[in-house]
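Should a chain be cited, it is by its letter among A, B, C, D and E, assigned in written order, with residues numbered from 1 in that chain.
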Amino acid sequence: MVQASTMVQAPMKVQASAVEIRAVNKFYGPFHALKNINLSIPPGKVTCLIGPSGSGKSTLLRCINFLEEYDDGAVLIDGKQIGYDAPGRKMTAKKLREMRRSIGMVFQQFNLWPHMTAQENVAEGLIRVRGLPKAEAMERAAGALAKVGLSDRMGNYPSRLSGGQQQRVAIARAVAMEPKLMLFDEPTSALDPELVGEVLNVMKALASEGMTMVVVTHEMGFAAHVADQVAFLEKGELVGVDEPSRILHHPEDPRIQGFLRTYHERNSF
Amino acid sequence: MVQASTMVQAPMKVQASAVEIRAVNKFYGPFHALKNINLSIPPGKVTCLIGPSGSGKSTLLRCINFLEEYDDGAVLIDGKQIGYDAPGRKMTAKKLREMRRSIGMVFQQFNLWPHMTAQENVAEGLIRVRGLPKAEAMERAAGALAKVGLSDRMGNYPSRLSGGQQQRVAIARAVAMEPKLMLFDEPTSALDPELVGEVLNVMKALASEGMTMVVVTHEMGFAAHVADQVAFLEKGELVGVDEPSRILHHPEDPRIQGFLRTYHERNSF
Amino acid sequence: ADQLADIKAAGKIVTATDMHYAPFDMLKNGTYEGMTKDLFDGVAKELGVEPVYQDIPWTAELPGLEVKKFDIVIAPVTITPERLDRYTFTLPIADATVSLVKAAGNKDIGKPEDIKGKTVGVQQGTAQFKQLQAYGDKLGGVTVKEYGTTDEAYADLAAGRLDAVAGSLPNLTYLVKERGETFALLEPASFGEPTYFAWVLRKGDESASFAKAIDDALLKMTDDGQIKAIQEKWLGTYTELPREVPGQK
Amino acid sequence: MDLSIFVTYWPILVRGFGMTVFCWILGTAFGMALGLAIALCQRYAPAPFRWLLQIYIEIIRGTPFLVQLFVLYYGGPLIGLRLDALPAGLLGLTIYGSPYFAEIFRSAFRAVPNGQIEAARAIGMAEPTIIRRILLPVGLVSALPALVNFSIILTKETVILSIITVPELMYQTQRMSTETFRYLEANLVLALFFWFFVEVISRIGRRFERRITHYLIERP
Amino acid sequence: MFSISTFTDGFGPLLWAARYTLLVSGLGIALGLVLGAVICIMGMSKSRPARVFAALWVSYLRGVPMLVQLLVVFFLLPVIGIDVPAIVAAVGTTAVVASAYISEIWRGAINALPKGQAEAAVAIGMAPGDVWRRVILPQAVALSLPALINELILLVKASSLVSVVGIMEITRASQAQAGTTFRPLEAYLAAACIYLAINLCLAAIGRYLEHRMAI
C-alpha cells in the first residue's frame, strides 16, 4: 500500500499473477451456486465481476483463494492449482498458506478482527505472515491507514468505527500485504461518493503498477473506467465476458441490458 | 410493505410523523460526533442525509429512535420528546417502546437475527410487536420478501444469504411493520444497480403514500429524484439543508462541492 | 417438655444411623438390617413405640441430633470422656476395643506387637485412632495413617500401602468373615483399654427420662437373653457388657 | 460457637488451606492445558482420533471424581500402578478437569465468527497463529465466565482428595470436628475459606474479563 | 480380587436409588435454568440494586460449598424455626446453586453476541421479555451449549451431596454397599456406570440440540 499509492513516486515491482478458472461448479446442498464457470484472468489486469445480487459473485471470488471448496473443476493461479496437489488430493495446509500469501482479499462484510484496533488489524498480517518487526509493521499500518484517510481513527476498535471507516480498514489491511493478486468484494459499498473516488484512485494506481485485480462491484463507473475486462454473472452462470466498453454500452445479452437499464437514468441528474 | 408497494392498488393510510431535532450534541468519550444539530423533518416527506464517511450520519439516525443517547438537545417526534419525559428524566421503558413501535429502521450492518430464517426474521416483529397470529405473520412476511425478490430464499438463514439478499431481508423486515416514520441507513449499499432501482421504487411508493422517511445514502441519484430535502453532514456538523436540486446542482458550500465533484465524472460513462 | 412423653405421644422414635458399618448397620438390597436394628427393634418394643430408621451420613448425625432432627443416634458411637461431656450415652451395646487386621498373605506380622515400625491405617478421629496412637507410642514407632472412613483404609490395605488397619473388633470380625481371602485378624484380637459402643442422645433434663427408659430396656433384654442371641447372631460370640455407662460421672 | 479450638487447630488448618490452594492451582493449570489440547485436536485431528477423544470426554465427564480417584489410587496397585497420594491427587484432578475444559474451549471456538478466521486464512496466516491471535482471544469472551465457573467447581472437588489421604482443608477440618465435635465451627471454616478463595478467583476472572472485552461496546 | 458378582449385584439397589438422583438433579436443573436466566438478566440490567443482588447471589452460591449450604438449610434453619423437609431442601439447594453457575455461563455467551441484533429488536419496540426470550437467550443457549451441558452433568453428580440430609441417592447407596461387602471398588464402579448412563443421555441431548441449533 505504501508504495502502491499514487502519492509515492517509485512504482512497486509486482510480479502479477494470472488466474485460470476451469469448469468450476459449486453446490450449496441442492442449490447450484456456480454453473460450470470458465474464466481467464490475465496478469496485471483488472477484471470486474458484475451481476445481480445472489448471482454467485462472492462465491466465485472465494473459490479463487480456496476459502470456498468447489465441487468440480479447477482454479489455477500462475498455472498451479490452488487447494489440490492432484485431482482429488488436497494440498497440505502449508502449501495452501504459501499460495495464499500472495493473494489479498477484501471481504464484503469486512471481517475485521474485533479485538484489535484499526492499526493492529492492518499490522497483524505484516507481523505474523510477512515477519516484519512489530514497530515497523505498526508504522506501515499507520501509513496504509493514512492513505485511506483514517489517520485519526487508527486507535479505534472496529466496533467504534463507522461503516465506511471499517471498510477502509479492510482495504488497507489487504493492500498493506502487497499481494500479487487482489480480490475485492464490493470494496466501496459503504463509502461516500468522495471516498469512492479516492479508493478507486488507489485501486487504479495498483492496477497501473501491474497488480492483478478481481473486483466484484456495483460501481459501473469503476468497471467502465478501470477494468480491462468485465464478466457478468447471473444465477451462477457466466453470461458474458468482454471489454468494458462493449459489455456496458452495447451488451448483446438481454439480461445484461436489463441489468444496466435503470442505472443510467438514476445516476444522471 | 404489502400495502405499501406500488404493485398493490389501495394506498395505505399512514399518519406520517414529523421529527424535530433540536441542538443535539453527542460525544463518544472526547470525540464530538454530533455538533449542535438542528433539523426539521416534515411529515410525509423524504429527507436524505448525505455526507462523508464518519461524518455522523448513522449516529444522527440512531439518535432519532433513541438507540443512541445524545448528551444534549432534544429529538421530538410529533412534538413529543423521545427518551425523556422531562429534561433529565428518562421516560419509562414502556413509553419508549410505545414510541418506537411507529418507527422503522434498516441498519447499515443489517443486524438480522442469525437463528431465524429470512421469513422468520420478517415475521418476528409482526408477531411480537404487532400481535399478529403466527400464520398471518408468516404469510405477510412471505409477501414482503416476494416484493424484494426473495421468494425462493425465504427459508435460508442469514448466514446462507448473499450480502445483497441480507440487505433486502433487512428492508423487508422494517417495511413489513408499516411504521409511520422510517429510518434507512444506506439501504442499497450491497445491492446491484438493477435491485437498487427496484428498492428505490419501493421507497418511492412508500414516500408517495406519505410515510416520513429519513434516508442515509450515498446514492445521489436517489437523493436527486426522490428526496424532498437533503441534509449534508460533515465532521458532525450540519453544513447545509436544502431542496435536492439546489444542494446537489448548485451547492454553495465548498465542502459540498468537493464532495460531489468526483461523483458526476465517475457515473457518466 | 419431656422427650419420652413426646415420643410416647407421637408413637414413634425418629433415629439416625449411618447405614454402612457392618455388622451393626447395613443396607442389603435396599433393606436396613444389622445388629443395631435388631437391638433397637427390641428396645422400641419395650417402649411400645414404632422406630423410624433414617440413613444419615456420619458427618451429619451429631449436628442433626443437636437441632432435634432426630431423637437418637443409633449408630454405634464409642464412649469417650470428651464425648461424655457433650452428649448423653446409653448403656453399651457392643465391645469397641481396638483390634488389628492385616493382609491375609502377610506372614511378617502375627501379633499386635509386630506392628512396630510398620504403617497402620485407621479412621480419622475415632476412639480407635486414639488407642492405636497410645499403643504405638508404647511400642515405640508406628506410623499411623488416617482415613476418612474405614472403607478407604481397608482398600489401601488391600492395595498394599498399609501393613495393618486398626478398627473395632466387631467390624473387623465381620470384615474377615466377608473377605477372608484378603484380610486376616491379628491374634490376640484386642489390645489396649476395653471400650464400648453406645447410642447417643442430647444432653439435658429433657432427655433424662428417655435415656433411662432405653437403659432399662437394654438391661431387661440382657437379662432375658435377647442380647446374647442378637450378639451371637451377628458376631458369633457373646461378650458380657457393663451394666452402667463406663466413665459416666 | 467455641472459637477456642482454633487456638489448637490453626496450624493444621493453615496447612490444609495451603494444600488445597496448591492442589487447585496445579490441577486447574494442567487440566486447562490438557483440555485446550483436546479441544484443538477435536478441531483439527482426523475423524477416528476425534471419536476417541469424544469417548474419553464422555467417560471422564460422566463419572464422579470420587470414583475416578478411588480407582486410580486404590485400584491402581492391582494393575501395578502405585502412586503416592499427592501425585495421584494431582493426576486425578488434571484428568478429571480436562474434558470439562475441553468442552468449554470447544464452545468458545464455535462462538468465533467464521469470517474472522477466513480473513486470517486468506492472508496465509499459519493455523497456530490463528489459534493464538484470533481464535483464543475472541473465543475467550464467551468462555471466560464458564472457565472461571469450572475452576471454582474444581476448588470444591479438591475436598475429595481427602479420601486418598491428601491432607487438604477438608481432611483437616474433619479431623478437627471428629476430635472436638465442633461441627458448626468446622463447617464455618470450610464455608469462609471457600467463599474467600472463590471470591478471589472470581475477582481475578472479572478483571481478566474486563481486559479482554474492553473492545466491546455496551449494549443498549 | 475384583468381584464381578458384587459389581453386578449392586445394580438393583443403585438403580432404585437413582430415582432420587434423577428427581433432585432433574428438578434442580429445570428450576436452575429458569432461575439462572433471571439472575443473568438481573446481573446485566441497568438497575443497580438488581445487579448487586445478582452479584451477591452468585458470590454466595458459588463461594460456599454446596454441602455447607445444605447443612445450613437443613440444620440451621430449624434453629430459627423454619423446618424444611429433606427433599425440598435438596431440590431447592441444587436449584439455587445451579442458577449461580448457569447465569455466569450465559453472561459469557451474551457478551459474545453482536449487539446489533438486540438493537434491531429494541428498535421495533419489542418488549424486553421478548428481546431476551426470542433474540438473546436462544443464541446464548446455542452458543453456550457445551458449557451448559458440562454444568448439568456436574449437577447430576453433585446431587450426591444431598445424602447428608438423609436422601438415599446413588452415591450413598454405593457407600452402603461398600460398607456391607467391604468391596468399595466394585460398588463405586457400579455407581459410576449408572452416573455414566445418565450423563451420556445428557451429553446426547446436548449434541442433538447443538446440531439442531447450529446455523
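By our rule, a residue touches a chain if its C-beta (ideal position, glycine included) is under 8 Å from a C-beta of that chain, and two chains touch if they have at least 3 such contacts.
Heads up on the chains, UniProt names are A, B = ABC-type sugar transport systems, ATPase component; D, E = ABC-type amino acid transport system, permease component.
All values derive from a computational prediction rather than experimental measurement.
Asker: Just to be sure I understand: going only through chains that touch, what's the smallest number of steps from chain B to chain C?
Answerer: Graph distance in the chain contact network comes out at 2.
Asker: Report which of D-E and C-E is connected by more C-beta pairs in contact.
Answerer: Greater number of contacting C-beta pairs: D-E.
Asker: Quick one: which chain's Cα centre is the longest way from chain D's?
Answerer: Between chain D and the rest, the longest centre separation is with B.
Asker: Could you grab the centroid distance between chain C and chain E? Build each centroid from C-alpha atoms only and quote it in angstrom.
Answerer: So the centre of chain C lies 37 Å away from the centre of chain E.
Asker: In whole angstrom, what separates the CA-based centres of chain B and chain E?
Answerer: Centre separation, chain B to chain E: 45 Å.
Asker: CA centre of chain C versus CA centre of chain D: separation in Å?
Answerer: 38
Asker: Measuring centre to centre with CA averages, how many angstrom lie between chain B and chain D?
Answerer: The answer is 50 Å.
Asker: Counting only residues that touch at least 2 other chains, which ones in chain C make the list?
Answerer: Chain C, residues with two or more chain partners: 59, 63, 152, 155.
Asker: Check each residue of chain D and list the ones that touch at least two other chains.
Answerer: Residues 70, 74-75, 78, 216-217, 220 of chain D touch two or more partner chains.
Asker: Two-or-more-chain contact residues of chain A, please, as numbers and ranges.
Answerer: 109, 160
Asker: Which chains are in touch, pair by pair?
Answerer: Touching chain pairs, listed by label, are A-B, A-D, B-E, C-D, C-E, D-E.
Asker: Applying the document's contact rule, which stretches of chain A touch chain B when the two form their complex?
Answerer: Checking each residue of chain A against chain B gives 28, 50-54, 57-58, 108-109, 153, 160-165, 168, 186, 189-197, 200, 218-222, 224-225, 248-249, 258-263, 266-269.
Asker: Chain E touches which residues of chain B in the complex?
Answerer: 65, 67, 93, 97-101, 103-105, 107, 109, 111-115, 124-125, 128-129, 157, 159, 173-174, 177
Asker: Give the list of chain E residues in touch with chain D in this complex.
Answerer: On the chain E side, the touching residues are 1-2, 44, 58-60, 62-68, 71, 101, 104-105, 107-109, 111-112, 115, 118-119, 122, 143-147, 149-151, 153-154, 157, 160, 171, 184-185, 188-189, 191-192, 195-196, 198-200, 203.
Asker: Considering the complex alone, what residue numbers of chain C touch chain E?
Answerer: Against chain E, chain C makes touches at 16, 19-22, 25-30, 54-57, 59-60, 63-64, 67-69, 151-152, 154-155, 175, 178-179, 183.
Asker: Okay, in this complex, where on chain E does chain B touch?
Answerer: 114, 116-117, 119-128, 130, 134-135, 138-139, 142, 213, 215
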